[in-house]
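Several structures are given next for inspection.
Shared between the two complexes below is subunit A, which pairs with subunit B and subunit C, respectively.
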Partner chain A sequence: MNDFMSAALQILAVIIIVPIAGGLISGIDRKISAKMQGRKGPPILQPFYDVLKLLQKDSKTVNPTTRYFLVLSLIFNMFNVVLFFMGAELLLCIFAFTISCVFFSLAGYSSRSPYSFIGAERELVQIICYVPMIILLAFGYYQAVGSFSISYAFQLDAPAVTRLPLLFIGLLYVITIKLRKSPFDISMSHHAHQEIVRGVTTEMEGSCLAIVEVSHWFETVFTIRLLFLFLIYGQPLGWVIGIGACLIIYFLEILVDNATARIKYRSALRATWIVVLVLGFANLAFLSLF
Partner chain B sequence: MKFIKKSPWILHYNASSCNGCDIEILACLTPLYDVERLGMIHTGNPKHADVLLISGCVNTQSVSVVKQLYEQMSEPKVVIAVGACASTGGISKDCYNVIGGVSEAIPVDMYVPGCAARPEAIIDGVVKVLDKIK
Partner chain C sequence: MHIILLLLGLPVLFAVLILFAKEHKAYKFIVRLAVGAIIAATVLNVFLHYNDTYMFSMSDYPIVRYIMLGIMLLASLYIVYAGVKARSFLVSMIVVFQIGLFAWFELFSGHVAEIHISIYIDKLTLVMLMIVGLVGGLICLHSEGYMEEYHRRNPELKDRRSRFFAVLLVSISAMVGFVIFNDLTFMLFFLQVITLCAFLLIGYTKSSNSVKNSFTAITFNAVGDLCFAVGIVMLAVSENVLELNRLVLLDRDSSFTMSAILLIVCAGLIKSAQLPFSKWLLGTMEMPMPASAMLHSVTMVTAGAYVIIRLTPMLGNNPVGIATMFVGGVTFLIAAALAGSDARKMLAYSTISASGLIIVGAGLNTPASLWAAIMLLILHAVAKALVFLSFAEHQSCCSDAEQMECLHGMPTRLKVSLGIGMAGMIFAPFVMMISKWPVMQALMDSGNILIIMIITFGSAVTLFFWTKWLGRLIAHAHHVVEEVKLRFDGKVSLFVLAVLVMIVSMLYPLVSGAIVVPFIRESMMVDYYVYISPSEISAIVLMLTMLLIVPVILIPYFKKHWVKETSVYLSGVNTGDDLSYRGAMGQAHPYELQNRNMVALLDERKFLIAGCIICAVIIIGGFFFTMGGAII
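Now for the complex of A and B:
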């Protein structure tokens, strides 16, 4: 009974703390971006104001199914993050993560708007871009660590990245896509809102858009946690290195976001697949040889 | 508490402006004025927007678009007429195809004067109109 209670409390804590952290990260991200562009920028709590405002707005949906798909996408995102923080199997998390992305794309398809269709199609292209890399990462993790278990990383002698350096570079590509940052923000971007740029969300308003935002906060935390998985090891120093490296990498993501232009979806596909094939397989071959 | 005051998302439509007012609206986004510090975002989508900024007078061609954009926005929403043309018809009031100011087509909540309206005045207009929302 006690085990059950503590597990329930842990799940509750993850579900409450993760979106708050995600929103804060998004707020700090917007502030740093603004500073890089020589602007003052919005308050750090701005993402929360945005979501609360969206919840207060009327929301008419073109097709009620859109909302179901979005809620399902959010639920699978939560499920994924809870599993990840409870130290479950990496493969299971990746499957939950992919399903949530597919539901998000279906939400785009459900509204019968050409812009939304383009967004949904591009969302699918993005999934094709990063899923092979993530699956290779999981296999690499298994080969390097000897288990798919996420909690296992806390008992290692050296961080997993030391055995998976090339796959880790591939992971950096994946998180750029997942954080929806330039040059890979092809399906839905934070910048300059225009129909094609806002893609999937073109026909969504009010609470639907709020769900999209909150879902994205979960995704942000998931991607950072995924990064952390490859940096942590069994010593207290591992935490310092892990958190420090995550902060630096996130800062570099913001820098790249502000310094590059959006590329065409074909180039995105090519760029990521070349990285997957060369770096991913080279790293796996290296691991199986030594 | 109405959070729309903290994050008014803006949709800008050029009904038949000479581009003078448009450029001033876009100037609000530049580092000098930086409206994002007030939580404002320039959206390109009526479904995401809370504030409709219209520059230029309404003519026989643009009237249907203005009405449609207004109808596509969800409540609560406000409309601001930016510049002399949008307020009254301005310099082109007597043209054969001009219907008049934006208020001829849809209800307007705030008029920003000027030809062209200054960025400070536009930002002030948005901030003031939000106080009207109950």
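Now for the complex of A and C:
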């Protein structure tokens, strides 16, 4: 019973803390981006204000099922993050993660609007860009570490990245897509101010958009936690290195976001698949040989 | 009591009955009766044979064998005749060659191999019987109303419905025979009957196109039958083995034996339309939909995958196993990429692609991969039948299911059933993850990186095209959909299939624990358990229940009045029905949403040819390396 209670508390803590962290990251992200663009930028808490404002709006929707798909997407995102922080098996997390992405794309498809249709289609293209990379990463992790278990990473002698350098570079490449950053923000940009008709979310209003935003916070935390998984190891120093490297990587992502222009979806697909193919194959072949 | 013979004989009996039925009204009655009998016999057999392996020797009845050979000769002669009549001499030549081979074999050396067990029913046979009996029966039930509508819509076609139903029923019987027999000669016989039935079904409309397609199909499949025949003759002559259960115990080092096995595998690859042989299945898409459903999920394609699953103990880390795996893997990837925006192509290529993954699992020869292959086979059979029948039902009211755009005019109930079928193929946990989990783990352990890459990308592409179709299905527009009244039989078959899909995809641990895991334990003599730990299973079940519970929780939320409905954004010129916009002169222009597919990135034809060449090279390479030992 005690185990059950502590597990329930842990889950609750994850569900409360993760969106707060995600929102803060998003706020800081906006602040840094603004500084890079020579603007003052919104306050760091702006994402929370945005979501609260969205929640108060009247709801108008083309198809009531849109909300259903969005809620499912959010739930699977939460589930995924909870599993990840509880140290479950990596593949199970990826399963939940993929399902949540598919539901988000379906939410875009659920109205017969040309704009949201194109957005949903591009969202799907994005999914097939990064899903192979993440699956390969999981198998690389299994091969390097000897288990799919996430909690196992805390007992390693050296971070997993030392055995998976190429796959890690590939991961850095594809998380740009998941963080919805340029040049791979082909389905919708992370920054609402960049476009008038915003891809998948064209037909979503009010609370639906709030769900999308919170969902994205969960995804951001998941992405960073995924990076962290490959940097941590059994020593206290691992935490320092891991957190430091994650901060640097996130800063670089913001830099890339502000320094590049969006590319066409075909180029995005081709560019990621070639990277995944070459890096993934080379790294896995290396692992199976040595 | 040999209850199993009931399942073999009943469909044939009803087929004869329906051939003699003069009144059109009698069809419905006979079909319903036949389907009821088939399903009852299936359930009875599964219950009776669940606890022990049933074996039956027919050595006391040599007459049965002669009757079988006689029918086989007649069937072959019919194909030769049809080939000559249609000036498709290649088929005739292949079949004549096969008759010659078998005549020589039966007259001079046929009886060296003694048959100890003619019929052998284990858990895998029961799985297959359930697929054949339940899914096949439901397809038959559905086809009756479909054909009535079909002929009403196409009055120019000659009404030969009774023959259509008879052939459908006979193909069920042939498939039952194919899965229960242990005697390879009988298996060949039933395989030929299945081929012949497919030939008759494809050429049903007698239009020049359908005749052409039926000959393409029979040419490919006759080659498949010939491969099977040559394979078993080689085994009988060299090893004195004509039984499936002894075949898999043969020496895996003998290159002659392995060449024979590779020939039988090739027969399976042709039947399940793997890549260099995929052409025949695409040609079959013009026949009446229920017949397609039968071919895809019950008879031909499933028979091909079944043969390879049966041969699993001989595969694995040898040239034959590696060739099988690679052909399956490459087909899985390329067929998924080719499943374009045309409904019929999507249906055909998705079948080919799914069989490819099944074959990878079988070729790998580990308990976990075999488990994944069988689970996928079951899910594919039920889900694909549901998808086909939903399309069929729609086609009978809108007659043009070619384009995705047509999906939005679909009646809601059909949308739901089609959606369940598609969602089963996307979200079933073992499709998305678990089947890949053990397969990939085994591949990783054996260092087979190339196949890992192929499967990884293949699953991404599969996800892409299924989600795209599901997305088109749920796209909502504000216009009144004409709700058609579905026929009772159609409703029943769709409903039962939808329930089956949900059981197999969501309650898969039940299916797996009841029948698939015991089969693997018995056949591989290992203490196999599903790799996923119980906590993981509970996590998965939790996720699936969320899928079911969440909509129920949200119902009151939807009912609230503050959720106002509005029409989609069309730059302010939406006419209000989400189907058209107002042009500069105020007139309404309808708009269409066209899909991109993977092929937008590449030339479809070149891609297909490249895939065919790769797979052909792999198969030839397999033969080369297998026989290499004998030559050197």
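Keep in mind that, in the parts below, the second predicted complex is superposed on the first by the 283 of 290 C-alpha atoms of A that agree within 3 Å, B and C clash if a C-alpha of one lies under 4 Å from a C-alpha of the other, contacts with A are read in each partner's own complex, and residues count from 1 in each chain.
Just so it is clear, a residue touches a chain if its C-beta (ideal position, glycine included) is under 8 Å from a C-beta of that chain, and two chains touch if they have at least 3 such contacts.
Just so we're clear, the structure is a prediction, and the values are computed from it rather than from any experiment.
Following the overlay on subunit A, a side-by-side fit with no clash is recorded for the pair subunit B and subunit C. Once the two complexes are laid over each other on the shared chain, residue contacts for A:49 go to subunit B alone; subunit C is not touched.
Contact with both subunit B and subunit C is seen for A:203 once the two complexes are overlaid on the shared chain.
In the superposed model, more residues of subunit A are touched by C than by the other of subunit B and subunit C.
Between the Cα centres of subunit B and subunit C, as seen from that of subunit A, there is an angle of 110°, stated in steps of 10. In the superposition on chain A, A:218 contacts neither subunit B nor subunit C. Contacts of A:97 after superposition on the shared chain: neither subunit B nor subunit C is touched.
Touch criterion met: A:38 reaches subunit B, while subunit C stays clear of it. In the superposed pair of complexes, A:59 makes contact with subunit B and with subunit C alike.
In the superposition on chain A, A:228 makes contact with neither subunit B nor subunit C.
Of the two partner chains placed by the overlay, neither subunit B nor subunit C lies in contact with A:141. When the two complexes are laid on top of each other via chain A, the two nearest Cα atoms from subunit B and subunit C are 6 angstrom apart.
Overlap of the subunit B and subunit C contact sets on subunit A: residues 58-60, 197, 202-203.
Of all residues in subunit B, only 2-4, 6-7, 31, 34, 36-39, 41-45, 47-48, 50, 74-76 touch subunit A in the complex they form. Those residues of subunit A that touch subunit B in the complex are listed here as 30, 34, 37-43, 46, 49-50, 52-53, 56-60, 192-195, 197-198, 201-206, 209. Interface residues of subunit A facing subunit C in the complex, by the touch rule stated above, are 58-65, 67-68, 71-72, 75-76, 79, 83, 88-89, 91-92, 94-96, 98-99, 102, 105-106, 108-117, 120-121, 124-125, 127-128, 131-132, 135-136, 139, 142-143, 197, 202-203, 266, 269-270, 273, 277, 280-281, 284-285, 288-289. On the subunit C side of its complex with subunit A, the touching residues are 408, 426-427, 429, 432-433, 436-437, 440-441, 444, 447, 449-450, 452-453, 456-457, 459-461, 463-464, 467-468, 470-472, 474-478, 535-536, 539-540, 543, 546-547, 550-551, 554, 557-558, 562-570, 578-579, 591, 593, 595-596, 600-601.
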